[in-house]
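All remarks here apply to the structure that follows.
We just call them A, B and C in the order they show up, numbering each chain from 1.
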Amino acid sequence: MNFKLETKNLTVKYGEVYGVKDISLAAPHRSVMALIGPSGCGKTTYLRALNRMHDLTRVANVEGEVLFEGKNIYDEDVNPVTVRRKIGMVFQKPTPFPTMSIFDNVVAGLKLVGIKNKTLLNEVCEKALKQAALFEEVKDRLNTAAVSLSGGQQQRLSIARALAVEPEVLLMDEPTSSLDPQATLKIEELIQSLKKDVTIIIITHNMQQAARVSDKTAFFYEGNLIEVGKTKLIFTSPEKKQTEDYITGKFG
Amino acid sequence: MVGLLCISTVVVLLPLVIIMVHVLVEGFSALSYDFFTEELGSPSRAIQGQATGLVHTIIGTIVVDTLALLIAVPIGIGAGMMLSEYPEHPLNPTLRLMNDTLNGMPAILKGLFIFVLIVKPMGTFSGIAGSVALAVVMLPIIARTTESALQSIPWTIRESGLALGIPRWRVVLSTVMPAAKGGLITGILLAFARAAGEAAPLLFTSFGNNYLPNNWYGFIFSPTDTLPQRLYSLAISPYEQWHSMGWAAAIILFLMVIFAFILARLLARDKFKIQA
Amino acid sequence: MDPENSQLKSKGNFRNKYTDALYKWLGDKIFTFVVVGLGATIILVTLGMALVLFFEGSGALTEFGLFGFIKGTTWDPAVQMVFGAWPFMFGTLVTSALALAISFFPALAVAIFSAEYAPGWLAEIIDNLIKLIAAIPSVVIGIWGIFILAPWLRDSIYEPIFFWTEANYPDMLHILGNPMGYGMATATIVLSLMILPYTTALAKDAIKAVPRDQREASWALGSTRWEVIRMAVLPYARGGIMAGAILSLGRAIGETMAVAMLIGNKNTLPFSIFGAGATMPSVIVNEFREAVESLHLSSLMAIGFVLFLIALIVNLSAAYIQRKLSIGGGQVV
């Protein structure tokens, strides 16, 4: 088992239209993999296939294999809920649960599956908020509404919430696109420190960000995987013309 | 052009305002103490000037409408959840079509349907049959408003809940439903306002009754009086005393419906303000 | 089916692992089952309604045939026991179509005024008033019609016209009919008042849904406000406006109580302008509780079934028009 999460010939179709086609890609243990490519190239479609988010749409059809530690998560006997507990996700826009306090938001993933132990929840909350570098800012008002936080704080709250359930893989879909540079920096630092425990797959539109945070970079174009390799190599000497054009800003 | 539009607006709204003014004036002048304490009885009671009223109608309306809500709210909200939360379910498009169809059907057909379904087998008109008929009127409205209330909550809220490994049912019940609460209540109030004024489905189901039943369950299992159906009977009756009682019934019904309606609008507006 | 896969190994002991799995897996199963069950109830109610009306009406439909029933002009529950629905279909279609024709342009005017011209506070008042009026129960409108509108129409409109015609064109009197106040004309007027707020609200929704850039593109050409409305807003919104008008027609077709109270209730053609008539819902209201003969009951149910079909067609065509005309509707003027 060399890879934490691996896809083999993964194809996602929306009706007759291909979202992504035949993607074989692997993320090693405790690493950061960046997915780059122009808008509409299938990055998000691919990412959402990794924790069975397409289950909720009738039109999306997933073919091929997604192997989590060697086991296909689309097998009949696998419960998607368990998959998603292992493979967390952070979205483009912050998504605090609107009716819950900061505390309830962070521990939602535990509380809503029936864990009621108060001391445990407190511990987890504090740990997750610290991991997400948010604890110092909110420790005095854990019981206020989560929607009262600023955008950057809300996004870090979303990350803390995802971390609280101790996922082994974290999927991030442009987590910093709606944030200011300072908040972006904080989240990039966070990604670096998380790498110790978690495998991260991150979509980004920001080339510098991909170069800064990732170990491995995959370039998507029009639903196909064009090139994948060590980040350093991709950004210094890409093999494919399209990759070079994209990272040098000729299109996209 | 502005002037023309302005004038036509006034011309259009005027008769509608006149209706409201007439109902209010005629209705309030017809209200009396007896109206709320006496039963109707036979026409001779009113003609001889004895005390009559519609206490049995008011209680009957409360019973029938409450039961209708108890039936319609869980089913309607459940159906609305299915419409909104299970877009991938194979029955979803069918439900949408059927719900819209049901919503567009004249209420009188719902009365005929429940007559065949409940009144015929029971062998008697009854309050509960009226409740079920009103519930059928409410159902598609509640389902639709529930759907749009749930849809107003961003889809990403559900996805981030699922991404935490929370099972779907908990995501819906604990994160989506609480956030949509205001919209759900608004929808129920609107459905109530619509159904409470309907007489057509009640004529062949709860039928009507001039007297108070002997015991409380008489309101449920025997023919029961309700305001809209009683108002109709009074208005087409040949007795002048009953006509004025009809106006009194009209004002009560009017106020009840309008109150529910205004409450719904206010709730909807407050919700909007919070979001804005 | 093992909900918890061995290779997706979970932390915690055996018991925790399985209660946890049960909670997630079984919980979702039960929840889906309940929600889908509740949704299926609505499907069953709708289908059940269609089936019940069909089977209960099948007695009359087999006796006269569907088209025979629809085309039959005699409705005689007393002597001949012959039932034809045409008088009521005629009454329904004429009153509803006229009501829509009367109310459509005024409703559109109000919608345009409140959406495009009125300042915010006034638009809000008009909106709330319109929706409030739409919420008034049909029976309340009915009692107002019986005791206030109908007598007024009789005294100040119908009778003068009637006497004038009597003096000048006595041959035309049978077209006008008896000006007693309760009849086709009164029912049509009340119907148009009742669907007016409905049409207005739907038209306004359609106008409000026109995207800002459509308007701005037109503004940028130096158009006046009215030109913007005529060139950009109305063409774009026409799908919604037409669909709304058809939905209002559906409302008018199904409208029962106020019509039953005001139309005078006459079962035989020909109807006259001021004279009594009947519609499909009104005849059901008037005769259903008194009907004893099974063929009579069955004929009323068959009218219900035909009404169901008409309402279904109306709703489906509104949905169709909405889809057909709304997308790209702004391109062709």
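Some observations on this one:
Following the convention adopted for this analysis, a contact is a pair of C-beta atoms (placed from the backbone, for glycine too) under 8 Å apart; a residue touches a chain by one contact, two chains touch by 3 or more.
The structure displayed is predicted, hence computed values, not measured ones.
Because contacts link each chain to all the remaining chains, their graph is best described as complete. Interface comparison, B-C versus A-B: the higher count of C-beta contacts falls to B-C. Rounded to whole angstrom, the centroid-to-centroid distance between subunit A and subunit B, based on C-alpha atoms, equals 47 Å. Distance from the subunit B centre to the subunit C centre is 17 Å, each centre being the mean of its Cα atoms. Along subunit B, residues 89, 167-168, 170 each make contact with two or more other chains.
In subunit C, 23-25, 28 are the positions where the chain touches two or more neighbouring chains simultaneously.
Counting partner chains per residue, subunit A has residues 81-82, 86, 113 touching two or more of them. By the touch criterion stated above, subunit A contacts subunit C in their complex at residues 68-71, 73, 75-79, 81-83, 86, 113-114.
The residues of subunit C lying in touch with subunit A in their complex are 1-5, 7-8, 10, 20-21, 23-25, 28. Residues 23-25, 27-28, 30-32, 34-43, 45-49, 52-53, 56, 106-107, 109-110, 112-114, 117, 126, 128-133, 135-144, 146-148, 193, 196-197, 200, 226, 247, 250, 253-257, 260-261, 281, 284-285, 288-289, 301, 304, 307-308, 311-312, 314-315, 319 of subunit C are the ones touching subunit B in the complex. If you check the complex, the residues on subunit B that touch subunit C are 1-2, 4-6, 8-9, 11-13, 15-17, 19-20, 22-23, 26, 74-75, 77-79, 81-83, 85-86, 89, 91, 94-95, 98-102, 104-110, 112-113, 116-117, 136, 139-140, 143, 167-170, 172-173, 193-194, 196-200, 203-204, 207, 228, 231-232, 235-236, 243, 246-247, 250, 253-254, 257-258, 261-262, 265. If you check the complex, the residues on subunit A that touch subunit B are 51, 53, 55-58, 80-82, 84-91, 93, 95, 97-100, 108-109, 112-113, 158, 161-162, 164-165, 167, 171.
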